[in-house]
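Think of it as A, B, C and D in the order they're written, each chain with its own count starting at 1.
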Amino acid sequence: MVIVMKKGSSREDLARVVRAVEELGFHPHVLPGIERTAVGITGNPGPLDPDAFERLPGVARAIPVSQPFKLASREMTPADTVVRVGSKAIGGGGLFVIAGPCAVETADQLLESARLMKNAGADALRGGAFKPRSSPYSFQGLGKEGLVLLAKAREATGLPIVTEAVDEASLELVDEFADVVQVGARNMQNYELLKRVGRLKKPVLLKRGMSATLEDLLLSAEYVLAQGNPDVILCERGIRTFSRHSRYTLDLSVLPAARGLSHLPIIVDPSHAVGRSDRVPSMARAAVAAGADGVMFEVHPAPDKALSDGRQALLPQQGADLIAQLRAIATIVARKVETVR
Amino acid sequence: MVIVMKKGSSREDLARVVRAVEELGFHPHVLPGIERTAVGITGNPGPLDPDAFERLPGVARAIPVSQPFKLASREMTPADTVVRVGSKAIGGGGLFVIAGPCAVETADQLLESARLMKNAGADALRGGAFKPRSSPYSFQGLGKEGLVLLAKAREATGLPIVTEAVDEASLELVDEFADVVQVGARNMQNYELLKRVGRLKKPVLLKRGMSATLEDLLLSAEYVLAQGNPDVILCERGIRTFSRHSRYTLDLSVLPAARGLSHLPIIVDPSHAVGRSDRVPSMARAAVAAGADGVMFEVHPAPDKALSDGRQALLPQQGADLIAQLRAIATIVARKVETVR
Amino acid sequence: MVIVMKKGSSREDLARVVRAVEELGFHPHVLPGIERTAVGITGNPGPLDPDAFERLPGVARAIPVSQPFKLASREMTPADTVVRVGSKAIGGGGLFVIAGPCAVETADQLLESARLMKNAGADALRGGAFKPRSSPYSFQGLGKEGLVLLAKAREATGLPIVTEAVDEASLELVDEFADVVQVGARNMQNYELLKRVGRLKKPVLLKRGMSATLEDLLLSAEYVLAQGNPDVILCERGIRTFSRHSRYTLDLSVLPAARGLSHLPIIVDPSHAVGRSDRVPSMARAAVAAGADGVMFEVHPAPDKALSDGRQALLPQQGADLIAQLRAIATIVARKVETVR
Amino acid sequence: MVIVMKKGSSREDLARVVRAVEELGFHPHVLPGIERTAVGITGNPGPLDPDAFERLPGVARAIPVSQPFKLASREMTPADTVVRVGSKAIGGGGLFVIAGPCAVETADQLLESARLMKNAGADALRGGAFKPRSSPYSFQGLGKEGLVLLAKAREATGLPIVTEAVDEASLELVDEFADVVQVGARNMQNYELLKRVGRLKKPVLLKRGMSATLEDLLLSAEYVLAQGNPDVILCERGIRTFSRHSRYTLDLSVLPAARGLSHLPIIVDPSHAVGRSDRVPSMARAAVAAGADGVMFEVHPAPDKALSDGRQALLPQQGADLIAQLRAIATIVARKVETVR
């Protein structure tokens, strides 16, 4: 923490700050400047609260120097975390592709999607059984029945299953059936849910909230990690901005930033961000070119019959073509990964 | 729904759209324009999904005409909803003031706050027993013990209690003790929680998420209303924008907008928005001047000892002075409320 | 400037930073911490560039301590700037009301607006002769003819004139006719225009750009002040956010923030922010309650005939009623202005 | 235009709307719905102003159906515009790479950058002689001297020159020396400047403002096109959002959206968006993978000596490596460009 005094603050103000630091058991270092004085604090074992100092008279700002997350930080864990999912891995240099319908609807729809995606080279199957929908009048998912269908699709294709939990009850079921538990963007700061997935022995796919900063996202990951679950996969899915040409603004610059601050793998979901199938391929390619550890997108054998978000689903053949492009781009990117500073 | 055809779309494209509308059992009305043709749809009982039409060849856009929420809409319920809390009301022209500490910490802290706020003319006491905090290392609230202290403060002062629930377990406890159940901004789209509070017989204070549009907020209210609970109080508490001079940007223009679209009362929490006590009074006054049905702000007998968000808490005397100002402004506003169009 | 070293950075990294500071002629102060080391810099006469240090190996961050603006800062000029306009003042505790049509259209329209607003107690007349419009096909203003009409309206009513300049040529004309030169939001970072108005002997109304931070705004004011013109009036007019219920989001929390950082007066234009006349009064009242030094809003004798932004113009009687409310609220606010910290 | 009546609006309201449409000489088509009535308008030659109708009693919304831009729209000009620059083209399927320093500083700095970039396969040289800087105390460019140096670098390497104009005076000079005139983000809505570049016979690189919607950008392009200059190149360079991990948020989803709405080529400047050289390559690759017609990035032979934005400049060898990667990705993308709907 560095405390910056106001220009024209008094000697008493400075003495008060010095005392406040000493009372906490830390060491104040007074740095007299031409325009104003600053006080550096050393000896503190972790982050301090700026408020405790900004409240004191004569103080202009208290600037935190440490990061508020620890387990999620690359400083504490320099090496990349690699999360095993089925026989593959997310993180560590490869490209992990998750594809499937937005929501599980019928056995046929799911199985057909799964088989086609398996043949196209996908690494996992997605499909929602519990759907958080903005309108109470929209289709809310098949629930347990959907999970059973997902398990059958896994049996038929060997693809591991990624699916979302939305509360305590659904989490118990999802834990029983899924290979990766997804926490959706709207629940990214549902801390009770995060604590619960932190106690599972299963990878967690944590989607960035639509107004979450990278720090918010890493603090939510910290909730999971702090409960003992090390397998957190971050996921960018678009943020809310003033832009109106896209449902959300896919923030790909978070990829190199996250890689700098954290050791956790990060993937991208372009489908929910752009909300239109014709724009999904360009954003999926961009994600891989920007260095994503994986991509998750939606396919549907008959998008116009989909019960949820059909407009953003690719046809299976489009999905297969896209996977081929993504793998080709991944090869180029892998040849020249710049050192992250 | 109005479907706008692309310039240069073919007769076949138009025929296909007309057929699609008829197959759904609705009536297509072809509107030939100089530049392009549009198709109006009538006969549909509720909102249609634009995707179903935007997927068709030759279609440029499908524009929804109905609103996605019903129970929350002023169109369906023209008269203002008035929510009774204790012996007072939120909505209907008065000004309801909720004050108290961010978190319940000790019996003394709470009781002192409650007494001073009661004397200053507050209508209800706030205080968190379950605190959703971005960092897992921050104080998470006293839990049930905090609710017990709130109940004692109510007994001592007569002030009704407003406090937050964060999941199924805490909701059961909060329902047992509180007069108004708060759903926080981070849980505004926690739909399972919304369904549960919708089944209570108790007013719900629903805070706007930091990236929620007004439509999102009203759809979340719709989740509660659809379960049978009519007593929803909306609350603006600041949104995420690029602005860095304030923790969040308090969006007061939502007040007249919400009043136009919905019959539900709406209050403002300036404390969390600005995050600094010296800016709370100006924003609280602005909220009342803009027509808020109430204001909720934080006071603490010793802000520098607060376990949570002390920086944004007013001293009790500052809180009392503020309430006097707010009531004076409310008188002026009430004299001349413009007709909402 | 405080330089924070990375955890695990080497002695050589630290020595290099120390040398870099010394080579610039400043004093490095090494602050060894448990987790990492920081280096405070003193002896620098003004802001340093963080880049120069963040480029060095082993450096995590370089945190500026000084503000990038000087003449605009309250630190340098503690007392409020009061700008004289006609026989009145903007700043210093009063409330300055500017009203008038969006664009000057005809002699009758302008004169009628001016007379009615004069009678209603307005302090100045607004009206655009040069209109920056997003579409090249929209009405672009009457140009010099509009300025002549404004001068006639001033002659008839005594109201000083506020009008916008958009480039070198229009600025010369505006300087000849107007009492206050307005720089619009879209030109807030048109630095050549700012330098030119900085050389005038006339107050400048500087509107905040729709994506400008408070720091950006004050830096733009600095451009004007640095050329020798001390009479800058800041103006909040709404920012771009994800919110869709309002044309722009009026950011009233900038008022106490600006007052803390700068001595310049600040007013609010609610008309352009909300874009609908029925929402202008509530936002104008909120601005005054939040402590604005003035308000600028649009009136038009026949809004439905307006050539520009008619939808946001109040009828003259609505404008008069609003001014009465605003003056009443100003009285309450003035009684209890909290100390700015 | 489609006018949606309020639920419960009267017959008189409807009749008034019908009359208003007829008075303008257009054709009203009444569409009676179960919940509410709409009125379609046909016969209008161009976009109508929604305000004219939303002001009428009983009207809920007036929804524009036509786009406000014409010359920039793909509807009017279906085929891609290809802009010739030197012996190459921007648009039409290829990848155009512009590289060079942020600002022209010295003959050596510029010439070395130009030679290295030429050898690395760049198509044009960038370099600012007139620099719009947020602070009046920052380096503002060499002016005419910088243009002379750019011309010499062109002579030495054959690379065409891209450089910015900031006002009337600089535009005259830039027109004399440059191959492409750049209009910067802060001047995107400086309409007087746009009109002037519209009268040149030279390609214009138009950067998107940091809070401009795609529609705003295309309307600004329309200003140039409407003056007779058809050679407009759009440029995405990052927008203002709440995200704090990057200087601006690079909005790559604008690429497919712009391609759908407009025939103009669009390139991406990742350097100003991310502001850190280590993140430029990933965003440049992402831009090409998303389908950009070109990329513009900054290189500097000695970034730590740069007078402007050195932190975001690549070393020449990094720039050369990046160009190789970009050309490889362009090959993959070109093989499978999805049809734009």
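Criterion: a contact is a pair of C-beta atoms (placed from the backbone, for glycine too) under 8 Å apart; a residue touches a chain by one contact, two chains touch by 3 or more.
Only a predicted model underlies this, so the values are computations on that prediction, with no experimental measurement involved.
Placing every chain at the mean of its C-alpha atoms, the farthest one from chain C is found to be A. In a homomeric contact, the two copies may use the same or different surfaces; for chain A and chain D, over half of the interface residue numbers are shared, pointing to the same surface.
Per-chain Cα centroids separate chain C from chain D by 26 Å. Look at where the CA atoms of chain B average out and do the same for chain C: the two points lie 30 Å apart. With centres defined as mean CA coordinates, chain C is found 37 Å away from chain A. Contacts with at least two other chains are made by residues 211, 239-242 of chain C. The residues of chain C lying in touch with chain A in their complex are 2, 4, 6-8, 29, 31-36, 38, 40, 42-45, 61, 63, 65-66, 75-76, 78, 240-242.
Against chain A, in their complex, chain B makes its touches with residues 46, 51-52, 54-55, 68-69, 132-137, 166-168, 170, 186-187, 189-193, 195, 209-211, 216, 219-220, 222-223, 226, 239-240, 303-304, 309-311.
Chain C contributes residues 211, 213-215, 239, 241-246, 249-258, 260-261, 273-274, 276, 278-279, 281-283, 285-291, 318, 321, 325, 328-329, 332-333, 335-336, 338-341 to its touches with chain B in the complex.
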